[in-house]
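Attaching a single structure in structure tokens format; questions to follow.
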Amino acid sequence: MINKTVQSLAEAVQNIHDGATIMISGFGEAGSPIELIHALIDQGAKDLTVVSNNTGSGNVGLAALIEQRRVKKMICSFPRTANSTVFPELYNAGEIELELVPQGTLAERIRAGGAGIPAFYTPASVNTPLAEGKECRVFDGIEYVLERGIKADFSLVKCELADRYGNLTYHATARNFGPVMCTAATTSIVQAKKVVEAGIIDPEIVVTPGIFVNHIIEVSNPAHESDLVAQKLTYPW
Amino acid sequence: MVEKQLKIGWSKTEMAQNVAMDIPDGSYVNLGIGMPEMVADFVPSGRELIYQTENGLLGMGAVPMAGQEDPELINAGKKPVTTIPGACFFHHADSFTMIRGGHIDVCVLGAMQISKNGDLANWSTGAVDAIPAVGGAMDLVAGVKRILVITQHNTKDGKPKILNQCSYPLTGKGVVESIYTNLAIIDVKKEGLFVRKLGPNVDFEYLQKHTEAKLFQ
Amino acid sequence: MINKTVQSLAEAVQNIHDGATIMISGFGEAGSPIELIHALIDQGAKDLTVVSNNTGSGNVGLAALIEQRRVKKMICSFPRTANSTVFPELYNAGEIELELVPQGTLAERIRAGGAGIPAFYTPASVNTPLAEGKECRVFDGIEYVLERGIKADFSLVKCELADRYGNLTYHATARNFGPVMCTAATTSIVQAKKVVEAGIIDPEIVVTPGIFVNHIIEVSNPAHESDLVAQKLTYPW
Amino acid sequence: MVEKQLKIGWSKTEMAQNVAMDIPDGSYVNLGIGMPEMVADFVPSGRELIYQTENGLLGMGAVPMAGQEDPELINAGKKPVTTIPGACFFHHADSFTMIRGGHIDVCVLGAMQISKNGDLANWSTGAVDAIPAVGGAMDLVAGVKRILVITQHNTKDGKPKILNQCSYPLTGKGVVESIYTNLAIIDVKKEGLFVRKLGPNVDFEYLQKHTEAKLFQ
């Protein structure tokens, strides 16, 4: 019987290796799989390349992973937000690399990676520094830039409901990058607020089909990053 | 007799009203972070606009009441929002299908600099120690049908923002349709920058004096 | 108040012009908007380019539109199926053009058209006659072919539920090309089995966001193409 | 005494069983139209396979009972199917994300011709009066991890299907992993075609005689 659920956060992230490329869902705190990120901090993998829209806030979650010097490179669209100090400090000290990607291009590069599309053209960033050194090309009188699909070794994603096949639903704007990141990683690791029996999720409302998911761990009361930041907590605590 | 000082130009509220007046009924609208968000408060009665936020919501509603916030129901500025009846959620690639694919009618953005040919710079000063952060701005200016800019006419230290050429890194080239400042409403046309409306107690000479690029009446 | 519902099938298709490119949803009969196609036959537009996975069956729906000599070109992946005789006869007589596209490439070209992607690379059809004359390019040691996004003037789509904003849900495998076709047409015209009040469709389960839809007509008892074919009916009847 | 005639090779059912034996537990599988569909009937007990059909269903179940058919719940061959608990529906672009993106483990396809280096021709004879129809075959062979071919060893008029070079237009080049015919199971390796198993009462010479391409033992 196919059963992708695992029994612990530690088991969910156990195979992540040094040097891995990891996609992490979330837009700000919405959709950020904070328990999986903390499990990754405990697990120890380093020299990571992380693909995520932001760089976390305070000293928990993704910001804590960065603070532990475990990330050598961030690929993101918006590395500074309210309460994000860890990344800016390391970046200004030259201790972490940054590949800045327009948000829509980031989403599409991840989707392309998952869909077997090695490259596509987009109008975003043409005539800006972010297109420098990239191939530009005119189609029907409009200039576009060639962007490459991105794949990852792992994705860490937060969802609402999951079943043993890995079918997922999401909550509100916590959906954001989760669905495309599940498609683009060799191994997708998902924390679900609730794991339900197969067949409970209506086939019409599944957002991520199970084929894109490898490991599911139930985290029924996930922390809110903003609460932890308000409490000035630092992970590991 | 003390003479009351003349108010020069529009308040932020009035600037947002000016933008709101120019968005037709039924439009799909994306509002940038900051001053653009104010536009939603001044939609003329009888018009229904649908707000898209690039983090995956079409049909964004008002700010929630205190205590009703959901940290996973937020806008692009990462602030709690609500949904209208008829809203829908979608993932980021679908969201930028709307944006890049030309399905959003109007996007209102802030600006650091605008050039006479409608170039926009609003994401980076290019300073060495700045952390560059672009978000969805480049996708928005490349894909949305009409880009409206709302901004103070001059920088805090009085320098012009409407220039012959942007010195900051561009967000997009030739993308701005109209500029709504505290001093004027200016349309970007092929022939140059045309003043459509002057703010209260602003005359053309005053406006040109505060603008690097040549203006037309 | 935004209200995209219209009162008749005739009103829904009234603006379709001669020479238009029209995407028509459906995989076989599943998802085929047969009442909208019949309304288009009545309406009279000709010299059409039709983008649809198949070419219809019997003498109703898309096959009837073709039989009426209203389609000058088909863009599809599988033009012959059980009970399809109209297209094969006209094609062999040299009276209709065919652009044959692999099914996944067809779906992706339509999605790209809707997403503002002018072109992308795919591995499908490399080293086959369908890649002939197209640009090929190697990424990471694998050969790909460049394919262009497709846009249309109109799409005709069948769905299950719709609201006044144009939010849509679908039924089972009738979903197929509907969602991507709605994104790729200047004007998307949808027949819904039921039109409901705004807010009835849970925001989490909307498949096509309303922004991609222009006109909605309720067709509460759509015909099944296979029933009409079994009755040997011909449209117009 | 009448001698019972020897059965040469496998029946269609046995061919489908041979394929089914080679699909590991937990695989995501796409079955082509026709003989490949039979494979689903012979999954060894204890294995759970998930069937994808490219028209938008993951978790395809058995053929529905008479009278229970839904004309809008069909497979790629446009025949009515059912769903298993845990199935899901999706649109065509998402379906081919699964296929092109390498997420399907196994695809079983029919064949008109297969070459010694694993080229597959299964969509067109290239005849002038044939209506070309490709469907999803080219996407499947380009994207699915393992392509297994199930086919009669020879054409109806006795011509070899396993050739030095395909004369029909290709579906894909060097894509076939293994060939399951009524006479043998043959693996396509870099060094050539290797016979893994011979059918009942088939010897190597007999097999080679019915095969244009050189076979290895």
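By letter and in written order, the chains are A, B, C and D; residue numbering begins at 1 in each of them.
Convention: a contact is a pair of C-beta atoms (placed from the backbone, for glycine too) under 8 Å apart; a residue touches a chain by one contact, two chains touch by 3 or more.
This structure is a prediction, so every number in the text was calculated from the model and none was measured.
S.K.: If I rank B-C and A-B by number of C-beta contact pairs, which comes first?
M.R.: Looking at B-C and A-B side by side, A-B shows more C-beta contacts.
S.K.: Taking each chain's centre as the mean position of its Cα atoms, how many Å separate chain A from chain C?
M.R.: Result: the chain centres lie 34 Å from each other.
S.K.: How many angstrom lie between the CA centroids of chain A and chain B, rounded to a whole number?
M.R.: About 29 Å separates the centre of chain A from that of chain B.
S.K.: Measure off the straight-line distance from the CA centroid of chain B to the CA centroid of chain D, and report it in whole Å.
M.R.: The separation of the two C-alpha centroids amounts to 56 Å.
S.K.: Which parts of chain C, given as residue numbers and ranges, touch two or more other chains?
M.R.: Those would be 108, 111, 115-117, 122-123, 170-172, 203-204.
S.K.: For chain B, what residues touch not just one other chain but two or more?
M.R.: Touching at least two other chains: 57, 89-90, 93, 96, 99-100, 142-143.
S.K.: Please classify the inter-chain touch graph. Allowed labels: line, ring, star, complete, other.
M.R.: Graph shape here is other: it fits none of the named patterns.
S.K.: Which of the residues in chain C end up touching chain A in this complex?
M.R.: Against chain A, the touching part of chain C is residues 108, 112, 115-123, 139-140, 142, 144, 148, 169-172, 202-205.
S.K.: Which positions of chain A touch chain D when the two form their complex?
M.R.: 1-2, 111, 113-117, 163-165, 167, 183, 197-199, 201, 203-204, 206, 209-212
S.K.: Which of the residues in chain D come into contact with chain A in the complex?
M.R.: Touching chain A: residues 26, 28, 48, 50, 52, 57-59, 83-90, 93-94, 96-104, 142-143 of chain D.
S.K.: For chain B, which residues are in contact with chain A within the complex?
M.R.: Against chain A, the touching part of chain B is residues 53-57, 70-74, 78, 89-93, 95-96, 99-100, 129, 131-139, 142-143, 169-173.
S.K.: For the complex, which residues does chain A have touching chain B?
M.R.: Touch residues, chain A against chain B: 27-31, 53, 77-82, 87-88, 91-92, 98, 100-108, 110-111, 122-130, 170-180, 207, 224-226.
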